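Down below are the structures I want you to see.
Each of the next two complexes has chain A plus one other chain: chain B in the first, chain C in the second.
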Partner chain A sequence: MAETYTLPVGPLHVALEEPMYFDIKVEGETVRGLDLTAGHVHRGMEALAMHRNYFQNVTLTERVCSLCSNSHPATYCMAVETLAGITVPERGQYLRVIADEIKRVASHLFNVGIMAHLVGFDSLFMHAMEVRELMQDAKEGVYGNRMNLGQCTIGGTRTDIDKETARFLRGQIEALKPQLHELYGVFEKDPLIRTRTRGIGVLPEAEARRYAVVGPVARASGVAYDVRRKAPYATYEDLTFEVQSDTAGDVHSRAMLRLREAVESVSIIEQCLKQMPEGPVKIEGMAAVPAGESVARSEAPRGELVYFLRSDGSDTPQRVKWRVPTYMNWEALQVMMAGCQVADIPLIVNSIDPCISCTER
Partner chain B sequence: MLPFLKIMVKNLLKGPSTDPFPFAPAKTPKRFRGCASHDESKCILCGICKHVCAAGAIQMRAAEDGSGVEYVLWHNSCVFCGMCAHYCPTGAVTMTDNWHLSHLAEEKYTFCETSFVAFGECSQCGARIQPRPQVIVDQLGTRSPDRFLLCPKCKRESQVKHATDKNLIQLREQQ
Partner chain C sequence: MNEIAKQALENAVGKALGPGAVYWSTDANKNAFGWVKLCDPDALKLVAPHLAQAGARLMTVTAYRNDKFSRIEGREIAYHFDLDGVVITVTACVDSEPPRVPSITPWFQNADWNEREFTELYNIEVEGHPNPRRLFLDKELDGDILDRLVPLSTMMNGASTTTLWEKVFAGKQMPEWATKGAKN
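Up next, the complex of A and B:
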């Protein structure tokens, strides 16, 4: 009988350069089991949120994670608004959707880029990042920052997109579209990418349901669950987009699904720019939050994000609790990694697009 | 490799896509959220900026002689969120497009913007009131510029006087 060894991977993990510790049981080159240890960069943000007032928490939640840094404050604001009975003006809703989708495109391109890097195809990685740069420039030009947009606030959004900015944003999108298309072709056909990622890290649908995975990981395994469709918030009800799904459930299909979602997001942004009504982008004044509880959820780039809020009527929340998408996806690695080769570990880990800063908030 | 070759050649011919900073200025968009800046001539010491600042980068210290407030904006604590600028009712805090924030470690505790905002004085009794900078008077005090510069007590008195005067006129007209 072959002997198994325990191979420590981490805390500085190869795929992410972020700390997560894996104890991997290997038999030769084959993975037989896996233990996960988190907690290396726990920041205690939920406790911090209880010591900051509602407005300060907008900034705090934006800093939970850099790649979905708009989803967090947007969902938090939704929870506060539900509790305070605030209706965000329609233009504000549209602006929130635009910000969310710009972030989604950038986030997905980042993930597929890293995949190319892990395959060892660094020039493709550089190119994916270069394509993503169009969205980074869009964020900087429209919102003033490349990662933390600072767009959401309680009762609406902080910046409007005027004619000039809209023209600039359209220009960026027009430049992005052909490049995104081209990139999709490369990821789809390139033999190097295909050999390294197809049939690797498979998560069958039954297992996806059992582990209750969310986001692109679930959708690539045939669970077409998207909060934007299942429980539409903001203005998603009035926007046309297709929930992407696939049945292969391997590393390659997850990457391709992300690229297709990026294409959908681009079309959502275009629709928003076209349909957006004139009007205020936020409510007047600063709202007070009454005592009570509320929940809000949204589809972050990595999947369903849930915020729970409890207020005692003071200017500081009594409790803010959030469940991040990545949290649901970690355990499914047990299935994805079973029987894989040691060299595929980083690829599989990256394919769930894990966000350590979300997990260790 | 093949599908990518075309892109690679194209990128090679395009040359570098990074800015040649520091040999040439890097492009900065107009809306860029850089270093925050405080204009004491517009501040009314309402404290909203401090209330919304998650980073605790804004300090307001009352002067010992009670003549005003020292306003300190710590650039090293600031996270450039722009909440202060968004909620400031008078536009006294703004986000500039300046991102050149490197400085020596020894300047760590002095790298801030300090300004002094003097309290206002009631134009009648001289009591201490919130600052009444000219820009604010022009903006908010246009309906009755005189009364805008009064303390609450004098303002009440002037209002009562105004109302009685009006009543007297009405009475006289009726008679």
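Up next, the complex of A and C:
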């Protein structure tokens, strides 16, 4: 019988952007078991949220994670709005969708870019990041920031998109479309990418359901669950888009799925810019938040994001709890990594689009 | 709103607790949210298998104190499930001392991390948990970090004020205003 030994990966490791410790049982070059140790960057943000008032928490939740930094305040605001009975003006709803989808394109391109880097295809990594710059510039041009947009507020959005800004945003999207198409072709056909990522880190549908994974990880394994369709929020009900899914459930299918979702997001932004009615973008003043509880959900770039809010009628929440998409996907690594090669570990970890600052909050 | 899923959840809870146990609400987009209250945490063992059988997915678990500032005793745990777009929240009261609740990992594999997290934040014991280790917090830290929630205002008016002024006026007569915080 071959000898097994333990290979420690992390908490600080060249292939990990954020600290997470993996205790990996290895037999030769093959992974036989996995143990996760978290908690290296725990910030106690849920405790902070209980000390801040409802408006201050919009800013706080935006800082949970940089790539999903629009989904967090948007979902938090939805939870407050449900509880306080606030109706967001329709234009505000459209503006929220635009911000969400711009962030989704940027997040997905970042993830597939890192995948190319981990495969060793650095020119493709740089190309993906360059394409992503179009969206980064769009964010800076429209909202004034490249990461945290500060767009959401309770009862609507902070900034409107006027005619001139809309023209600029359309221009960025037009420039993005052919590049996204080209990028998809490279990721789909390139022999290096295919060899390193196909059949690697497979998560079968039954296991995906058992571990209740969410987002692109679930959809690439055949669980076609997208909050935007299953429990529509903002204006998603009036928008046309296809929920992407796949059955292969490997590293390659997850990356391809993200690229297809980016294409869908581009179409959603276009529809929003076309359909958006004139009118106010936010409510005037602020309704009191009564005692009670509410749940709000959205589809963040990494998957389903859940906010639970409990109010005791004061100006600070009694409890705010949020469950981030990555939280659900970690444990499924046990299945994805079983039997893989040591060299594939970073690729598989990256394929769940891990966010540690989100997970630990 | 998905009526079939809503009915399936209602039936699943009904089998365990009898009819009329679920209260329904909707948000601005007409998405349905069900709310169930359990006075006895052990009733979780009745509800969880039926929800699992109906195909519900555990989304997350939230533990909290009945009263944010610990003025009244007791904790509650809210289990949030989803079935095809419909959310149901099953809230269990945890009044016992020491607080304890049964694990629902036999029916929901992903309850593992959630249960470990509320154990370390609120010191709630989970009976029958397969892997009762710390999740995020270091072993050296106290296990009830959110259970002892101290309001910021209480902390700012705390005894530290007196200590500070005692140092400032060391060896001199303390002015009257500086001794006012002493009773805290």
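Going forward, the second predicted complex is superposed on the first by the 358 of 361 C-alpha atoms of A that agree within 3 Å, B and C clash if a C-alpha of one lies under 4 Å from a C-alpha of the other, contacts with A are read in each partner's own complex, and residues count from 1 in each chain.
Here is the rule we use: a contact is a pair of C-beta atoms (placed from the backbone, for glycine too) under 8 Å apart; a residue touches a chain by one contact, two chains touch by 3 or more.
Computed from a prediction, not measured in an experiment: that's the story for all the values here.
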{"item": "Chain C versus chain B on the shared chain A, clash or fit after superposition", "value": "fit"}
{"item": "Vertex chain A angle, Cα centres of chain C and chain B, expressed to the nearest 10 degrees", "value": "80"}
{"item": "First (chain B), second (chain C), both or neither touched by A:233", "value": "second"}
{"item": "Which of chain B and chain C A:338 touches, first, second, both or neither", "value": "neither"}
{"item": "Which superposed partner A:192 touches (first chain B, second chain C, both, neither)", "value": "first"}
{"item": "Touching partner for A:175 - first (chain B), second (chain C), both, neither", "value": "neither"}
{"item": "Which superposed partner A:248 touches (first chain B, second chain C, both, neither)", "value": "neither"}
{"item": "Which superposed partner A:273 touches (first chain B, second chain C, both, neither)", "value": "neither"}
{"item": "Where chain B and chain C come nearest after superposition, their Cα distance in Å", "value": "14"}
{"item": "Chain B and chain C contact sites that coincide on chain A, given as residue numbers", "value": "none"}
{"item": "Interface residues, chain B side, partner chain A - complex", "value": "1-4, 7-8, 11, 17, 29-33, 51-55, 79-83, 86-87, 95"}
{"item": "For the chain A and chain B complex, residues of the former touching the latter", "value": "52-53, 55-60, 62-63, 121, 123-124, 127, 130, 133, 137, 140-145, 148, 150, 153, 158-159, 165, 182, 185-186, 189-192, 286"}
{"item": "Chain A partner contacts - residues on chain C that touch it in the complex", "value": "2, 27-29, 31, 33, 35, 57-60, 62, 64-65, 67-68, 78, 80, 84-87, 89, 108-110, 112-113, 134-138, 145-146, 149, 151-152"}
{"item": "Complex contact set, residues of chain A against chain C", "value": "38-39, 42, 44, 46-47, 50-51, 78, 81-82, 87-88, 209-212, 227, 230-234, 237, 293-297, 304, 306, 308, 310, 312, 316, 318-319, 321, 323, 327-328, 330-331, 360"}
